[in-house]
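The following pair of complexes shares a single chain, chain A, combined with chain B in the former and chain C in the latter.
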Partner chain A sequence: MIHGEIEIRGVSESAECIMASNDTFTVLYFAAAATYTGKSSDAVPGPMPVSKLFGYLEGKYPGFRKKVLSSCALAVNLAYVDLVEDAGTEINNGDEVGIIPPVSSG
Partner chain B sequence: MEKFSLGSENLDLRKRIAELEQELAEYRSGRGAQAHPTSNGADAAAQHTPDDDDAETAGAQDGDGAKPVRLDLDEFRRYGRQMIMTEVGLDGQLQLKRSKVLLIGAGGLGCPAAAYLAGAGIGTIGVVDHDLVEPSNLHRQILHAVDRIGTPKVTSIITALKNINPYPRYVAHNFPLSAENATDTLDRYDLVLDCTDSPQTRYMISDACVLLGKPLVSASALRSDGQLVVLNNPPGEGPCYRCVFPRPPPPESVLSCGEGGVLGPVVGTMGVLMATEALKVLLAKADRKRRRKPAHLAVADCGKAAAAGDGEASQTHDVKEAAAEERKFYMTIYSAFSDTPFKTIRMFGKRKTCQACSSGATITKESMKNGSLDYVAFCGGRGAGKYPALTKDEVVEVEEYQKLRENREGGVLIDVRDDVQYGMCSLENSINVPLATILTLPIATGDGGKHEGEETQPVPIPAWLPRDTSTPIYFICRLGNDSRLAVQRLKRSGLVKGNAIRDVKGGLWEWSRKVDKSFPIY
Partner chain C sequence: MADAADAPVPSKPAFEGVQAVDDPAGKTYVGLTYDKLDVTAAIDRVRSPKAGAVVVFIGKPITTLEYTTYAPLALRSLSSIVATLKSANQSTLHALAVVHRLGIVPIGEDSVVIALSTSHRAEAWRIAEECLELVKDKVEIWKREWFVDGGIWRANRDGAKGEALAGGSSEEPVPPEVLEQADR
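Then we have the complex of A and B:
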């Protein structure tokens, strides 16, 4: 599921310097995901299949997958995406991806 | 066009007010509603008095919607502002009065949700909670009060709710909800609100609602974030909590409001939204048979029917369309500090492989009741598993540490709280290295230090560690948990050779209680 993350990791930093959103999609971090990354969003070079996103983010933020992402819901353009059933769904440049960890306090 | 529709809506509302006023006049003249065919609320029912609430029975004997209810004159006045809304009406108000709602949790979510539901005139409101009111609750748990600190939250909240509205029947469930008692407790109600604060209760309540066929309004909040979702609605159709979050969060990432903090109005917002969703679910069950469509809409419908050539066919089509529309499910997420604080995520329905609500579900009432479902284990084990147990010589009591400090043997005191908390209050001569920083230290790989394909570079020693091998290192935090993690983690890093590494037991909380009472507890 995480194959291919290495080469993606290789281009990430330089690709992010390009401000044009033509080459990237936006990842929005909510709750614990925002706490872990220390920011509310990232521009990620796309396109990319859903199945590779968590691997990419793990490369950017070590430990992210195990501590946060493993239990998160994922939404692409405000629609829930299942990590298993929709693994092949392509995230296109300009898309907005939400990383939604379960919040359980109250 | 806009003008026209507003004008006719206005006209319609006026008509509605006139109708309700006429009903009211008839009540006053003693003729009651029997004389008026549009008033379905007064069929020979005993008048409900505000004092007949019962602490134990939630009226389990009533079939759903079977009990005839009526409104007395005070209730007309009390609920008038919402009753004149098309979405409510007399039929809606009677449906609310017929309804039995259970709130699980009388805290930051439960208080505002309960206040609005009581205000709206829900017939029976049950509250489950086993905690006592504490001073740290009051910034957000708006129904509790200074003079009820130390009393059970359920009695405190019901006291407040009766002050808002004496009409509903209030039921106190002063015990912790468990897998064993969940189905029996929930079964007496029509709708459940999950206002709890842990992953295990969220999965448990969702499972119970699926098994009992009850819709569930679930919300949560931490820091400046909130989530809201209506689950198992309509029962058997909508997704459950396991469908949305099939994998529980790792226990070490789960923070309570006490640990992570929470902004009062953020959790309040979520609680208020829960009340709205609860009313929507209940009102959808109201009997609208006697409702007339506003004139301009009725005309539009006639046009459609004529175009279809068959009135009945068009109606069936409408019903189908409406049903398809009902099957959309959404989750609302709230990020208070974002420029666009609300997002609504379109959800899929049930997950095909869901353990609780799919056709292949393995969770049953029996497995819940006999305790074979271990929700704590599912969510990663007891809270204690989250923090390592330390040996005796890795721990120092606060009084003992105070003596060491007096003798200038306090070594390096590292406060592992985050910078915000450290900025609020700290011990003299302590240094601040947040736990998050300590957790990023490398882990020693053993003798050879070989790591597949990686060159072993000498890891730079962080500036905050003592350079000698004799200065002891002490970790402290707010409550004495994170500091234990820090002790364990620093040892595993292999960066410290020889220095004693110890945890100041019980943290600043204990320090304040036993050494320096002037040190703030928060």
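Then we have the complex of A and C:
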């Protein structure tokens, strides 16, 4: 039955992905954010103002805010949003939100 | 955890070949690839009978590094950088190409190539340096340095986006406690 449980979890996760565009928006994690969460994305129930997102993610991954998010920027549908000026901007279901840690190309 | 972290495990390439934004009219080209960089192809892209100088910068990691990216945003940022340089140097810059490698880049291989052609060499050196600085500062690519006991994500500078980290030196590593769990 343990094996069965693992399978059910797999099913519910993929079901969550399929529903992403209807009831949720997608949050993408990169670099230290992906390492901290252990995954590359989450489907988050929306809509949600920009100001609420980091708090929501902190609830999901304790310590995430202080250790990673505090140095990250946010891109909604490939456009950066200002965490202060755009705090009230609504993230809509189906949107793609990138958590952007400090970059290090080269 | 120790055995798993012994060697870098390449994350699966998100795409094959080169993802690029090619602007033949503006004579600019930017690309991302998991394959070995083709430096000759980058040079050939910027050759021009009107250009008196071609300068090429090749970035080469001195430790094994792994690069990840947010490809659509990185391509957008790269395009914006080359467009800005092109319009700021209209009279002298003929063509400009930037290609960045992704995934594991072993020592001895190339991580980034910047090739450009100008009317005179002094501008070529200056624009190549400016381009590299902008790429390192802006483009959504992240490097992870691998050690025997795991990996550390690097930052080219603190507070490049969002709030500043504590500290302030360049190449500041993300605190190790952030990384312990996932490098396995």
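As a convention for this text, the second predicted complex is superposed on the first by the 82 of 106 C-alpha atoms of A that agree within 3 Å, B and C clash if a C-alpha of one lies under 4 Å from a C-alpha of the other, contacts with A are read in each partner's own complex, and residues count from 1 in each chain.
As a working rule, a contact is a pair of C-beta atoms (placed from the backbone, for glycine too) under 8 Å apart; a residue touches a chain by one contact, two chains touch by 3 or more.
What you are looking at is a predicted structure, and each value in this text was computed from that prediction instead of being measured.
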When the two structures are superposed on chain A, do chain B and chain C clash or fit side by side?
clash
Tell me the contact category for A:Gly106 with respect to chain B and chain C: first, second, both or neither.
both
Applying the document's definition of touch, where does A:Gly98 land relative to chain B and chain C: first, second, both, or neither?
both
Partner chain in contact with A:Lys52 - chain B first, chain C second, else both or neither:
neither
Figure out whether A:Ala31 sits in contact with chain B (first) or chain C (second), or with both, or with neither.
both
Considering only the touch criterion stated at the top, classify A:Leu78 as touching first (chain B), second (chain C), both, or neither.
both
Which holds for A:Arg65: it touches chain B only (first), chain C only (second), both, or neither?
neither
Determine where on chain A the residues touched by chain B overlap those touched by chain C, and list them.
30-32, 34-35, 67-68, 70-71, 73, 75, 78, 80, 98, 100-106
Complex interface listing, chain B residues touching chain A
105, 107-110, 195-199, 202, 219-223, 225-227, 244-245, 247-250, 252-257, 260, 262, 267, 270, 331, 333, 335, 338, 343-348, 351-352, 439
Chain C-facing residues of chain A, complex:
28, 30-32, 34-36, 38, 67-68, 70-75, 78, 80, 83, 98, 100-106
Listed in rising order, the residues of chain A that touch chain B in the complex are 30-32, 34-35, 40, 63, 66-68, 70-71, 73, 75, 78-80, 82, 85, 98, 100-106
Listed in rising order, the residues of chain C that touch chain A in the complex are 59, 67-70, 72-73, 76, 100, 111-112, 132, 135-144, 153-165, 174-175, 177-179, 181-183
